[in-house]
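Look for chain A in each of the two complexes below; its partner is chain B in the first and chain C in the second.
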Partner chain A sequence: MYRTALFILACCIFLIMLTACHDAHETDDFAHVLAVGIDKGISNKWRITVQFATLKESGGSKSQVTGGYETVEMQEQDGYAAITIDAPSFYGGVSMINSILPRKLNFMHTKLLVLSEDIAKSGLVGEYLAPIARYREIRRNVRVLISKGQAYEFIKENKPFFGKTLSKSMEQIVQECSNTGFFPNITLGDFYNDIKSTYNQPIAILASAVDGSSFKEKGSFWGDAFKSEGDYVAGQLPRTGGNKIELFGTAVFNGDIMVGELNGDETRLMLMARGQFKRGFFTMPDPMIPELIVPIDVRLSRKPLVKVRFEGNKPIISLKIRLEGDLLAVQSSINYESKELKPVLEKAFEQYIKDELNKLIEKCKGLKADVFRFGGTAARQFDTIEDWEQYNWNEQFENAEINTEVDFDLRRTGTMLKSSPIKK
Partner chain B sequence: MIKEGKFGTHEAVCLITITITAKMFFTSPGILADILGTATWYMTLLSAATAAVGFTFIYLLLKRFPGKNIVEAFEASLGRFCGFIFSFLLAMLFMLNASAIVREFVEVLKVYVLPLTPISFLVGTFVSVVAIASFLGLEAIARYAKLSVYILLASFITVLILASQKYETFRMFPIFGHGISKTILHGLFRSSFYGEVLILAVVAGSLQGTKYVKKAGYLSLVLSGILVSSALLAFTLTFPYYTGAEITAPMYQLTAMIDYGRFLQRLEPIFLFIWFVSSFISVTAIFYTSASLYCKIFRIQDMRPIIFPFSIILFTVAMIPNDITTTATEYIHRSREYGWTILYISPLIALIMAIVRKKRGKKQNV
Partner chain C sequence: MFRLFQTVKYFLTYREPADTEGGFELLEGKYEEVENEKKENPTQKANADQSEDTEKSTGAPLKATKRNENRKKENKNQLPAQDELVSSELKANFEKIKQELNMPKNADIVIREFTVGMNLKAFIVFVDGMADKIVINDFILRQLMNTDHFKGYKNEYPLDYVMNHVLSINDIEKAKEYKKIISEILNGVTALFIEGCEEALLIESRGYEKRNIEKPSTESVVMGSQEGFTENLRTNITLIRRIIKNKDLITEILPVGKTSNSNCAIMYLDGVANPELVKEVKSRIKSINIDFVTGDGMIEQFIEDKPFQIIPQVLNTERPDRAASFIMEGQVIIIGEGVPFVNVVPVTFFAMFHAAEDSFLRWPFGTAIRLIRILGLFLATLLPALYVSLILYHQEMIPTDLLVAFATARENVPFPTIIEVLMLEISFELIREAGIRVPGVIGPTLGIIGALILGQAAVAANLVSPVLIIVVAVTGLGNFAIPSYSLATGIRLIRFGLILSGAFLGFYGVAAFLFIAGCFACSIKSFGVPFLSPISPVTKKNPDIIARMPNFKQKMRPDYLNTPNRKRAGDKSRS
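Let's turn to the complex of A and B:
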């Protein structure tokens, strides 16, 4: 009797439990948002743009609806759509978009959070970021981009260049920072932590939609002057063709206000000092014939060595960066591979990096932004959080004396062990 | 005498270690970061050491009354009335702790995983499972704990290793957090985090003797201390003290942040597995202990009829808190900060009284 009752009870439970979860959703119940853009609004406080997969092919269309306090614009691309809406808050905007879509917006697969430069410079980032960081669907791995120009225009141009998968395309373009070092890999978690940080100031990826105006088809030829490959910020690369977005350089913040920009070269030096530089091709003037160049594939050989001591209230920082690299080309055909000339090239590169690094440090001191994370090392000198916060590292950074040292070893010379001169 | 089954030291260590460490997956690390800043990871070692001292009182009391569990030891030392009060306080504390953990578990589950499911359904399902497991008895729970501990430990270590990509050593500094005196004070008070070691004293009859209680107790405190400290250290290295205090479930967040490119990311399911299984074992062990204490106090021979009404109490108490803030900062925080008074002071009083009144149990040939 007892077993029969138990069996019937179990059957009843299974009948109820195994039918389905009452709050379950199928994958196609959602519109998976891949990128979120935030601008200052015109019809309401915020202009929110969401880009999501529609999983259908279309030639591309645009529709616009304007009401009393809201403007909705929908831009359809091949397999993707972007909706821009003016709303009082992020959640308000999401609700408004949900009301016009047959599917519910879902942010679990969001890859990019794009904030306009306008918002970043007006100190509204903190106000906007807090609710996003709190939202359970948005992961802290989302990359934070500061768009030169409007965020919704950036998202409009955000299309897959290879293949048709936008999410893969976005992940790959962000991962490129480990091959070039021209922009940092900053996630929402990093950015949110750094906005409130007592150790350092926040940075974000600088991005831009490209209109092609940086590429000059006509004009006088460049000549022999040297301009580094990283001497640009997003939107300035002199190119034609390719995708319509650029991630290049760094947006520098003081608290939640954007106070400056670092170009690609400066970004690489900053990443070296932070110990986050993976590798990148550097072009330097030939030490013996400066009108020619020597490209080198550079990487960090070890984590940078940072020491901080205090003279009174003044921090004295010593920074030692240890690099190694492979020779990629020698235009002058001078035999830098030889035992005698290799140190010449190494010393020249060390000096080149050191000079540029010192310039960058002065620039950041001027911006009152410790983007190098020296504060992390300085905090070791303090016993308690109260002492540390009272010292206020972010304010003291501009008074710091920073001594730099660069050590570079040329490890390999590519497929050639020796450069022979061209016979004329 | 209640038949609670027999199990060995291994099972006991697994049961107690899981019961203690499961609590770290909820809101505690965030609240600790708010109070102690960067000093949480070694504060917990101090708590474990304090709990070991508290457990020594319990062990000495049990040693003085061989073959008896803590309820019988209280009665033998303090008399029937005072012993009843001490034991009843323990039973209430365990029931409150079990309810608070159920509610905390469900609140965090709602925040991160199942936001649309009604809370009563989640609490009800969890309590049903706990009741069924308790019905099967302590031996079954202990053996299940041993069975799952290897997978849980492997998953836990995997998560901590994979999360190392987010670790930054500078986040450990300033090393003394908000001051060494505050750290020591909270380290001593929060020893009740490890208070579940007292379960061994309640079910002492299931082990082979007092010396096995001692061995299992100290071993589980050492293991729990190491595991909790490493989780808190991982949390400290990932989240700086000023934002770490904001996060509802830091361990879940830590797992969600693991990202090794397109092929290795979104590892929350591993965490959810550890989280569900360990929470289930933890609540069951605490709930069972509460019911067991009740039965021993009132000399009820069969525990099974008690399980259902106790489940109703568990469900009801778990539904009382109004919101997650009340659960985390009132129920959980207070029970961690003041639980030691019941967990360790009452056995100490009983031990002192037994010494003063020269009470001693008969030696047993084991």
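Let's turn to the complex of A and C:
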């Protein structure tokens, strides 16, 4: 009895020990892919780019010049590498790369999925995305970027600019949208659901590698004309220096075909309507002296109110956006802090937002893309999903009549209670 | 094959447990809620040593052995043979004693022959080193040999006269049997034989070397008493009696160890401790049948409910104040001879998890340090196992930067993670063990070796990754935070099981192992009390499990002890 028990126990132990370890993997068994890029291929259908950590001690500025006469070689080794390959499919590309790499590619920690604008515009996204979304290792919170230009060029420029770790840089840069609102925070899950969705159209982050050509060193000076800070898309920001990638604006899709772009300002308004806007600095022409500007720090005070009703087949949508904000500067030194002038500023800002919003809505109607997620509200008017699907919201959106209303409260005036004119 | 099938079936089918508790369960019963004052059976109280203790605190005579001997005599209930008794001829007694004590061979027995004041021949016997020389010289020999003391002698029985008029010693007893006399001599008592007397006089003269009361070395506290138990049974009993000055504090002395003739004492508060519990403790101690038992570590193994469990079911403490607090709650303590620890039964997991200092501190601090301690307990048990399973199976849960850092650190290490972990854990255990055994003189060297080899050289030589050093170090720290040494040792063993199961099955393995360990912990009983009460089974409890409420909120004695007197405090315990 006792010996039999021991025998069975031994069998159980061997069973566990001989089988169970097989899917254990050491951390250094893998090449952890941080970004995946997809272009149209030349030698094969797709051009796959993977960027992964090479697990080298990130040198960077580690080596220093110590002695006066001693020269030390600066080793610029940032610990990351990218491989680009033309392949018939994503998985084909992965196995081709695995064959040349001493480690297995692993997508558990992938942060970015970069698609080139070419692919997006030719409607190949759906064909490509479904297998990726199905893959077990890829998380649904991978951010989806549409790169103006080639995706592999974008990834080549994707380097840690602050600190040494790329993953942290990427996590931080996509989080920046909550401070500015210049681009949406779109994950693979959102994007894939929206592609299939009958309620709204998908959007993606617009990104670009920067070659520095948009910064003009010479030319005539700008003058007093007003161009807002968000009136750009990725790749156009007139800057020099800094990292070589930009995330700015939104790619708008109809189904899986990219049909247009929203610039930074339009993205903010769209996010306001979706209720996803966190905060951002807005610059508005001074209502009394239009050459000067009034910057305001704006937040959503509450979720936007969306109401949908139908007149026949035509949807009538009323959208009310409720904002609040703090005054950041008054160039004109007009005392907008006072009780009398504050409503003037508020009204002007409300009107400014409302005008821009109406323009954006018209633009989106033209693109046949409900990026505002009105469909979710509209669907409540239908009794069954079949009715809703038959109605075909994405087609009907361009007929919609959308009434907008903006409500803005100026809460604080910064550290100044009163603006006084500059004495000369 | 059929037998194999039968055995498998035997293991898989449910059977009513036949007698799982070893026959003893501490149940609620007739004893509960009896008022403290009423106790009908005063004969049960062997409260003999109280008067002595209040009078003198050190070097007190050990009457215990005498009582044991008496009881044994009663038990046997037969008259001893003639040559077992003291003879009236001094010569015969002298020879008998020499023979019994192996005199020429035994070098430390001293027999001093002399003449008592009224010209009677006599001798005293004592063990050199066990008896106090000053007492023998000044209060036995000088008194007996001084003829002035015998002026009033009128031909009485010499022994009685000596006892009543000559010897100014507090504890004197007459004895007839050699067996008793010999055992008392071995305990340090001086025996006086006088010509023509059929009895010997046992004169208290114990005065052997013993350690002073020192700070407890294993349970140190910042605030609170700094006294620890010593190796001396008598001193230990006194230490407790000094804290609980109650006539109902009972000390019963029971013999353990057939050849070494040592004793152990059980102490409890009559009217608070459940009589069933006391009875069970006594019966378990009496059933110990072995030649040599010293200290509670050994007693513990003989009286435990489930000796093959890893988790200890008896609590050891080195602190009299802690032992006293257990007595006040209705537990029974067992004091052995020869080690500065006492056993407390029954105990629960939470008693082992509490430290002496908790109740001295104000309650927010007491609660805070307990939370830190339970964190330490979790880390000591789970951290290496979680690390292994996280690294091997659940890499998606590690933040990417950390994962890259882990992988970069591991890049140069040639071993699998599990080997790395086991290597470091075992060398850590080695350092701990060596640190205890190492002679004090070279102790500091060990620290340097440990720190150098494990901390730096192992990483530099790419034997382990630096992250692992942190894991093992934190695990060790967590283990040191567990107040009960035996529980901490148990956790050290369980940790290795968890590491292996984590390495084989990941989080699932850790969870499965914890589940099994939890089942075992739930099934254990310590003297009839479930080990995890009052959490499982749920009973009424004071707010003193993990979080600790102020002392005045703790009004009841633990429910699971089923004490006759449940209340500790009045309805209004503070103004």
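What we mean here is this: the second predicted complex is superposed on the first by the 388 of 424 C-alpha atoms of A that agree within 3 Å, B and C clash if a C-alpha of one lies under 4 Å from a C-alpha of the other, contacts with A are read in each partner's own complex, and residues count from 1 in each chain.
Everything below uses one rule, namely that a contact is a pair of C-beta atoms (placed from the backbone, for glycine too) under 8 Å apart; a residue touches a chain by one contact, two chains touch by 3 or more.
The model shown is predicted, which means the values in this text are computed figures rather than measured ones.
Chemist: Answer with first, second, both or neither: which of chain B and chain C does A:T377 touch in the superposed model?
Modeler: In the superposition, A:T377 touches chain B alone.
Chemist: If you stack the two complexes on chain A, which partner ends up touching A:K168: first (chain B), second (chain C), both, or neither?
Modeler: In the superposed model, A:K168 contacts both chain B and chain C.
Chemist: Would you check which partner chain A:I296 touches, where first means chain B only, second means chain C only, and both and neither mean what they say?
Modeler: neither
Chemist: Quick check on the superposed pair: does A:I385 touch chain B, chain C, both, or neither? Answer first, second, both or neither.
Modeler: In the superposition, A:I385 touches chain B alone.
Chemist: Once the shared chain is lined up, is A:E26 touching chain B (first), chain C (second), both, or neither of them?
Modeler: second
Chemist: Quick one: classify A:I8 as touching chain B (first), chain C (second), both or neither.
Modeler: second
Chemist: So in the superposed three-chain picture, is A:L55 touching just chain B, just chain C, both, or none of them (first/second/both/neither)?
Modeler: In the superposition, A:L55 contacts chain C only.
Chemist: If you lay the two complexes on top of each other, which residues of chain A touch chain B in one and chain C in the other?
Modeler: Of chain A, residues 21, 23, 139, 168, 171 contact chain B in one complex and chain C in the other.
Chemist: In their shared complex, at which residues does chain A touch chain C?
Modeler: By the definition above, chain A touches chain C via 1, 4-5, 7-8, 16-17, 20-21, 23-28, 30, 32, 34, 53, 55-57, 79, 106, 108-109, 111, 139, 165, 167-168, 171.
Chemist: Which residues of chain C touch chain A in the complex?
Modeler: The contact residues of chain C facing chain A are 3-4, 7-8, 10-11, 391-393, 395-396, 400-401, 403-404, 406-408, 410-411, 416-417, 503-506, 509.
Chemist: Inside the complex, what are the residues of chain B that reach chain A?
Modeler: Contact set of chain B toward chain A: 37-38, 111-112, 114-117, 166, 168-171, 173-180, 239-243, 253, 256-257, 259, 261-262, 265.
Chemist: What residues on chain A touch chain B, complex-wise?
Modeler: Residue positions touching the partner: 21-23, 136, 139-141, 168, 171, 175, 187, 189, 192-193, 196-199, 373, 375-377, 379-380, 382-388.
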